[in-house]
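A, B, C and D label the chains in the order they appear, each numbered from 1.
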Amino acid sequence: MFNKILIANRGEIAVRVIRACRQLGITSVAVFSEVDRAALHVRMADEAYPIGPAAATESYLNIPRIMDAVRHSHADAIHPGYGFLSENPRFAEACMAAGVKFIGPSSRAMEMMASKTRARKRMEQAGVPFVPGTVRPLPSLEETRRIAGDLGYPVMLKAAAGGGGKGMRLVHEADELASALEAARSEAERAFGDDEVYIEKAIVNPRHIEMQVLGDEHGHTVWLGERECSIQRRHQKVLEEAPSPLLDEDMRCRMGEVAVRVARAAEYSNAGTVEFLVDENKDFYFLEMNTRLQVEHPITELITGLDLVELQIRIATGEELPFRQQDVHIRGHAIECRVYAEDPDKNYFPSPGRITLLLSPSGPGIRVDSGVYEGWNVPIEYDALLAKLVGYGSDRGQTIHRLRRALNEYFVGGITTNLSLFERILDHPEFQAGRQDTGFLDRLLAQSRSPGPTSDGAEIAALAAGVFELLDGAAAASSVPLHGGRKQNGEAQSSWKQAGRREALKTG
Amino acid sequence: MLFDVTIEGHTHHLELELLAGAWQARLNGRELALDAVLAGPDLLALIVNGRVYEVMRERSSAGTDLWVGRVRYQADLSDPRSLRGRKGKAGSDRGPVRLLAAMPGKVVRVLIAEKTEVNAGQGVLVIEAMKMQNEVKSPKRGIVQKIMAREGSRVNAGEVLAVVE
Amino acid sequence: MFNKILIANRGEIAVRVIRACRQLGITSVAVFSEVDRAALHVRMADEAYPIGPAAATESYLNIPRIMDAVRHSHADAIHPGYGFLSENPRFAEACMAAGVKFIGPSSRAMEMMASKTRARKRMEQAGVPFVPGTVRPLPSLEETRRIAGDLGYPVMLKAAAGGGGKGMRLVHEADELASALEAARSEAERAFGDDEVYIEKAIVNPRHIEMQVLGDEHGHTVWLGERECSIQRRHQKVLEEAPSPLLDEDMRCRMGEVAVRVARAAEYSNAGTVEFLVDENKDFYFLEMNTRLQVEHPITELITGLDLVELQIRIATGEELPFRQQDVHIRGHAIECRVYAEDPDKNYFPSPGRITLLLSPSGPGIRVDSGVYEGWNVPIEYDALLAKLVGYGSDRGQTIHRLRRALNEYFVGGITTNLSLFERILDHPEFQAGRQDTGFLDRLLAQSRSPGPTSDGAEIAALAAGVFELLDGAAAASSVPLHGGRKQNGEAQSSWKQAGRREALKTG
Amino acid sequence: MLFDVTIEGHTHHLELELLAGAWQARLNGRELALDAVLAGPDLLALIVNGRVYEVMRERSSAGTDLWVGRVRYQADLSDPRSLRGRKGKAGSDRGPVRLLAAMPGKVVRVLIAEKTEVNAGQGVLVIEAMKMQNEVKSPKRGIVQKIMAREGSRVNAGEVLAVVE
């Protein structure tokens, strides 16, 4: 087992990895940029080292600075989390060169999956189903037109080096093809320095379902069930669940077996996720493989009862997987809400700033993986993910109801969050029926807005305004010093009594 | 104590007393069974007619917001008895505003005629109670649409005296 | 389903029931004594009514006051929690008379189980194994001596109406019998108004293992696995786990079947717990049945994936159990720590008072069922249970490690808690080997004390004292107003910079 | 700044500066790489030589306690340079107390003889450094058991000067 792991990340995922290290008796090392000195992941780690200015390119993406911290701390392994350097084969290579273990797949597997066309070639050889289309670079416009005609419109043009929707064009009919191809090529060139574009049959409002896989370094690979990730905004997931309401046991097994085939074809080890598009006929097609731990891994942990980060670390030490496929039992249902500092009603405008009050839910079936605390100043420089609220229950209905009550307990003051969005999603009949697709969230936001003021609520607010004012006055008039700026129940009581007496004198 | 509380531009009249630890509240003329306790510096736990509410306060340079559940209410408060009513954010108030009697008393003087213009903070009428004269001011600039109160008449607390639009 | 449930309890269990109500869309009604106005259960309920002064006899045990609140609120059911009125048949009858449903067993089943001798008679008829002994009131001293001789010393004398160790005497040899019998009788008379005493073979340092059962009102009864509760102080449980490290699948099934037989013999419905003593040969004997939800129910919830409180409510509405015995699957391992406001090193001296700082753990495998919050003033009048820290993992080892890291994150400032005791229990080789019995905790406390000051720790404290002082001075000198009495990261930073400049001027 | 910090009756000598946002710390004569930030009003997040600590402060009428992990340390602090050292809780200190040199310097005067009585706050010896004379005081009432420092000798920061019991 490792002695010391450096976590090359921040926020909730760094906290998550630190917790796994502590469980395993491994010393955890945090790194932090200048604005993250007081961040939760730094507070929770065993050791911590500064790695530069706020801009991620100068700190969390700065490989030399991170390798300096590795040397200073004598860490013998690195966990990259997700995002930042987690899918950067250069970083994995730098780790290997420095003699520290990168907790993830080999740089070779990462590289292969990074190129969509190379991955597709290899996976087609392995018999993995793809959306019908070309795997070669597109030839002349004439021939592209012929291929598109064979596939049948609508078709999708995609950048080979792409991701995040860049260099993608949906083409509804033949007349649009020429200009779309040109646009996709130039966008791909600008975004990735590579104008290679390929063509696929377009699947309209597909479901986005992914399969978790885990492979050790001895050739054992298992799948751990799927996650339904169709609720997205701008290709970014907002709410995920496991299992998918769409899949039955048979389809789950077929999808799991394909995912394991993908991982084996890439000689993949450690945790990875195979993403699929699912069309209206429940046919599924390989989309891509994410060569890292996913944000939404907790829902798989809850339905399988496994600790994925602990397993990642064990695999990286060279241990064999402690179980086989037949030992994996899926029980219950889990849903994750990604709590962002952003306003869903204002085009997801980010809302960094100080968290003045934080009431966090707890109790049966509720897990909160948070990267923040009351008093923390959410910096503007990074992803706005504050925490993941994860619900678990015996079945999908109970999980929805548990999350609904947890949202009721959840309050983040001082900044705007998307918490109300989850209430609207969970209450939506389409979601409750399990019929969400990738267009669901845009439709929901177009239909309705967050609940606004009501006359009953306004009356409560009016009452509260008066009570706050009266108690403030009482507190100001009271000579009792209030430790730490907080009133004690008893003290408040007595200062009200004082206020009451003063009032009585005035009006008497 | 008497408060005019403006919530999202609409003014509520609140009478609030805390006597020997027990709250007495009358909101817009209705008696409410109120219990209130701070659960944090900006966190108020209320029981109103048996129903439980939690209200979170956010203060900023822009003013005070009160959260009731997931809904934010912009709040502005003045204490009409003290005649030092805080200024509402002039111009941001839309729609008619009702001026309410701060306490039971007698209308001793009407300062402005119906259908004439009034400025924010300008006195509209004067009420006398408990040997004190209180000037009831307009929270915003506008036209005095209607004056319900007549000089010399008695009014109850929370009674509408005038409407400014 | 009920419209409105009144919870005749306080603290964490009231919060637990309120959460279940919210999940089911049922309005929850809290009741509170004068010192509990600001308690968490009152803050979290939908409605709340005062029921009298701080003394429990005048409020939480005051049946007329509680029935008043039922009438005012128009609640159609009552959940009694545990403790207080939960096992009081008179209360169950009062509910029935008032036309509100008591969420628990019938008063008849409660009454039968309240009398140890009556329960024993009925259960022996049903073939339930008992510790060898008498079920009849003891006859003459002469005959008692004969019975004791037949059983073999040591023997135990117990009050028929007893509980909590009152009226109990361990007798090692025949000479002690006469005086022990007299003492037990007079103690029983004083404690319960009933001097009936019976005799049993004594089991020295037994294990205390209990089985959760659940019965609906249509004759279906299931068992949900056992809980190991051997870690006790003064007959009060401190830490529980499920499953027991002692049981194998075969013993679990046999014990479960006996527990179901007990429940059926009592015509028992709703949630109940059958307690067993287990001797060194793994023979188990019926001890008593608790006719209510137990404090430690969450560990059963975690290993079965079920929500016991939700099931209690469903059963009370007349629903059938939604599953059968064969559908119950036990997965993983759970351990609960009862966090008390008390000092284990000072003879469990209670420590009420204001919680000035509360850092609560979260993340994978951790559930906290809490009844308190930062700023709350723990009253002196009631049980000192603050919260239950519950860990879950794939296996016992992982659960121990997860709890260990959660304890590391847990801090309660302003009052003394027993948190450090759990660290000592979880770290103990005997516990880690699963060999705890009811004498374990006393042995542990006799062996060692909480960790004391170290020279490294003292140096950190010295550094911290200086930093606090310097920052306090800087804050006092700073003209920046600090909203809500709390410093913002950025503000603190800038005020330090000011302090730094001042220092530089002074020393320059 | 210079502090004498008494932790559980044992005095530590601390030099602490915050210059342009960077901490400089020397504890009992040893240089430490320190970073410190408040995570709450009484919650301090420290990094000392790369290691992370959280220290919780509890203040009461009985004094200040600092929690490092699960261990409570009773803390008392004085600023020797200012010659306004706070009073320790007289009488509650048991066991011997070492008086430490607050800074490198020269012992210019010994005020008390060995084996004689001293009151809390009474000066025991005087050290000169950087053209300043600092009186080293006894934190408690007791007998001066031993004086290690001789008049005219040089001492280093944190050096034990005397023991009071």
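One rule holds for everything that comes next: contacts are C-beta pairs under 8 Å (C-beta built on N, C-alpha and C of every residue); 3 or more make two chains touch, one makes a residue touch a chain.
Keep in mind that this is a model prediction, so the values were computed, not measured.
A comparison of the A-D and C-D interfaces places the larger number of contacting C-beta pairs at C-D. Think of chain B turning onto chain D: fitted on CA atoms, that turn is 175 degrees, to the nearest 5. Mean C-alpha position of chain A lies 49 Å from that of chain D. Here the spacing of chain C and chain D, counted between their Cα centres, is 46 Å.
Chain B and chain D have Cα centroids separated by 57 Å. Work out the mean CA point of chain A and of chain C, and you get 36 Å between them. Touching two or more other chains at once are residues 37-38, 44, 356, 375-376, 483-487, 489 of chain C.
Shown for chain B are the residues in touch with two or more other chains, namely 37-38, 40-42. Every pair of chains meeting the touch criterion is listed here: A-B, A-C, A-D, B-C, C-D. Residues 35, 37-42, 45, 47, 50-52, 54, 59 of chain B touch chain C in their complex. Across the complex, chain C meets chain B through its residues 30, 37-38, 42-50, 72-73, 373-376, 483-485.
Residues 356-357, 411, 413-414, 419-420, 423, 450-454, 457-471, 474, 485-487, 489, 492-493, 496-497, 499-500, 503-504, 507 of chain C touch chain D in their complex. Contact residues of chain C toward chain A in the complex are 15-16, 19-20, 22-25, 37-38, 44, 298, 301, 305-307, 309-310, 329, 331-332, 354, 356, 360, 362-370, 375-377, 393-394, 398, 401-402, 404-405, 408-409, 482-490. Across the complex, chain D meets chain C through its residues 1, 3, 5, 7-8, 10, 12, 14, 16-21, 23, 25, 27-28, 32, 34, 36-38, 40-44, 46, 48, 53, 55-58, 64, 66-71, 73, 75, 77, 79.
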